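Each structure below appears as structure tokens.
Both complexes below contain chain A, partnered by chain B and then by chain C.
Up next, the complex of A and B:
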């Protein structure tokens, strides 16, 4: 077989841009989905049944759709629905956020529910409002407890961003596949793509393991 | 136990010149089919130390939790400062600010230092400045004998130290009434004394205290009034001298004898 690995070097600029987009997508998605996830969790914990219902429907809807479908849907349906023409990057970001927010809200819900009721009572007994108890007492403890889960979500997300390549967001997967179709170097480009994803993902996975060890077992 | 003389405080109930600060009128509380409180009536005067005693599950802690609305009441009512306890969340907060509570399991906030545990209430609820809240927290930690532990996290403190921080946290709100829910039950025997000493000191300063306790020596020496619970009812109440030396009720005698208490 005739292999030519030089194509990867030849198109290094494009691949590097793809890496930047992938990292940017991951960071932005998480930066939006953590606070949004807390928001949806608060809806689900609300005293008002209507807000609880909204939170529940959101989570059950977006958690149970394939991410790739969400990506396509955001690309083709969203513009028709609300007459909003977003760039492919923004569209991909929306799809990722919708999905990850649903997961994060469930993670936060589990974390908040794991903090014993006595802590809430102690806050209330001081005269705090329910919101103050949540903000000062429960959330900081819950956040620490779910940090390992959020870290795992992060690593999954890093790889899942590749799904937005189907709507021509210039992420790493899209860039690599572009090079592949321009040069017909299928095996080389898929291997290079795998190597780049792996070498970026592996340290993150190790970091997650470390976070698990450090925070996973504490009180 | 015979060496202990009843405190002069418990010879007579605090004068009725002032109306009682907390009044329970036929309080009923149910959890599903279980009736935790079945018509409890009692009152607490300002400056008094009222001790709630009785077997586990007899309703003492439930009554305490009804006092600051951590539990709602299903029948009867609780009056605080001559007014029935409010029903809305925001009014409830105003009442809770005026009561301090100390829990069996301390319930310190584990992500805050001792000092932060004590200052978070005034800062969050009363809008105190960070500086004044810190100064006051430090003074309160001094008071409970933990000035050098200000920067320690709860998990590095002994049970007795944690409970003293919890007392300081409750005092930081400058409460009119302190509620103690079995404050020494989760403690190692050797640290019970340090917590009881702080409570005794508070009592001597004139703090109004409602104390659920199994520490009969404390109830007898520091209490002004003792209320004996059984099966969600008050079976007897009176000054410690009555309860511990010549109880009127056979069931009081029985309960105390189970604790191997020899008047």
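Up next, the complex of A and C:
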């Protein structure tokens, strides 16, 4: 077996671009799906049954779908439905956001529900509006409890971005697989891909453990 | 926009065989991961240092690498290293088991840690051996507490089997891609697949919730 690891160095530019796209996708998805998750959570706690139903259906549907299927669906079907051709990057972003928003809204809901109802009642009794109570009393406390879960979602998301490679978004997985098929250096490129993901993901996983220890609430 | 469902009706056997393989792959991955994960989790909780360090490294590495990468590596790189080519289904089973086992191991470790150390000490003080304490006192409580997390791992497993499409395992995702490509009807085919996956996964997540409410009181101490 002759191995030639220099191929990874030779294509370093492509791999570095892939890393940038992977990180960009992770950051953008999280930036969009945190507020969107809060929005869906508010829908689920709305006074109007129809809005609650919409929130419930959204969350249950997207939580119970494989992400890769959602990626394919967004790529092949979404343009037919909305009559708008998105770039692969935007398509991947949409699929990731749809998925992560559902998880985030569940995270927020659990966090908000963990704040005792007495606090909301106290706020209302003091003459605050429902919205003020949510913003000034409940959310600041809930956010602290939510942070460890969001951190775990972040790491899953970072790994899940690799799935958009199936629709040729130039993320790390796609870049590495491209180099593999151009050079036929299969073992080298796949190992390098795994090592890059590992070196990016391992510190994140450790950081999440630390956040859990620092902020995690034990029952 | 015209809707034509005939590709789905004409290929329903083909799609059903994919669904069957998705179920078989999920079930065997889950069974394998439960056994391996329980081993790793117990090894990490009670093993000597020379064992806990590599196990911790293994679990954290698996948490850091995407399952797609593990799948592709197992299918394409392992044959180059070992000279032994696995068929797609077996490569997927090995890769998914290796990946999911790490998550199971984390759950097992957390479950064991959640049983108060006083109970272990009480067992030891009563003259039980360490193995007896683990088997008769710690695990029965820990396993019940692990159930909800275990249920979410089951639904993660079912979802992850869809990624096996990248190494051409003919499960539901792969079969739908084939039908969609041949019939030029992605809208109908992929939307149907979505519904199938939803109706496969929804009862699993709901069933686990219900099961947990039934047995939660057994895990209290």
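As a convention for this text, the second predicted complex is superposed on the first by the 217 of 219 C-alpha atoms of A that agree within 3 Å, B and C clash if a C-alpha of one lies under 4 Å from a C-alpha of the other, contacts with A are read in each partner's own complex, and residues count from 1 in each chain.
Quick note on the criterion: a contact is a pair of C-beta atoms (placed from the backbone, for glycine too) under 8 Å apart; a residue touches a chain by one contact, two chains touch by 3 or more.
As the structure is a prediction and not an experimental result, all values here were calculated from the model.
Chemist: Name the contact category of A:136: first (chain B only), second (chain C only), both, or neither.
Modeler: first
Chemist: For A:108, decide between first (touching chain B), second (touching chain C), both and neither.
Modeler: A:108 contacts neither chain B nor chain C.
Chemist: Please work out whether A:173 is in contact with chain B alone, chain C alone, both, or neither, and reply first, second, both or neither.
Modeler: It touches chain C, and chain B stays clear.
Chemist: Now for A:126: first (chain B), second (chain C), both, or neither, which partner does it touch?
Modeler: Only chain B is touched by A:126; chain C is not.
Chemist: When the two structures are overlaid on chain A, which partner does A:154 contact: first (chain B), second (chain C), both, or neither?
Modeler: Touch status of A:154: no partner.
Chemist: Compare chain B and chain C by how many residues of chain A each one touches, and report the one with more.
Modeler: Answer, by number of touched residues of chain A: C.
Chemist: Based on the superposed arrangement, let me know which partner A:162 touches: chain B (first), chain C (second), both, or neither?
Modeler: second
Chemist: For A:58 in the superposed arrangement: first (chain B), second (chain C), both or neither?
Modeler: Neither chain B nor chain C is touched by A:58.
Chemist: In the superposed arrangement, which partner chain does A:206 touch: chain B (first), chain C (second), both, or neither?
Modeler: In the superposition, A:206 contacts chain C only.
Chemist: In the superposed arrangement, what residues of chain A touch both chain B and chain C?
Modeler: Common interface on chain A, chain B vs chain C: nothing in common.
Chemist: Would you pull the chain B residues touching chain A in the complex into a rising list?
Modeler: Against chain A, the touching part of chain B is residues 68, 70, 89-90, 93-94, 96-97, 99-101, 103, 105, 107-111, 120-121, 124-125, 155, 169-170, 173.
Chemist: Could you list, by residue number, the parts of chain A that touch chain B in their complex?
Modeler: Residue list for chain A touching chain B: 118-119, 121-130, 132, 136-137, 140-141, 144, 219.
Chemist: What does chain A use to touch chain C in their complex?
Modeler: 1, 60-61, 63-70, 72-73, 76-77, 80-81, 155, 159-163, 165-166, 173, 177, 180, 186-187, 190-191, 193-194, 197-198, 200-202, 204-206
Chemist: In their complex, what parts of chain C are in touch with chain A?
Modeler: Touching chain A: residues 1, 60-61, 63-70, 72-73, 76-77, 80-81, 155, 158-163, 165-166, 173, 176-177, 180, 186-187, 190-191, 193-194, 197-198, 201-202, 205 of chain C.
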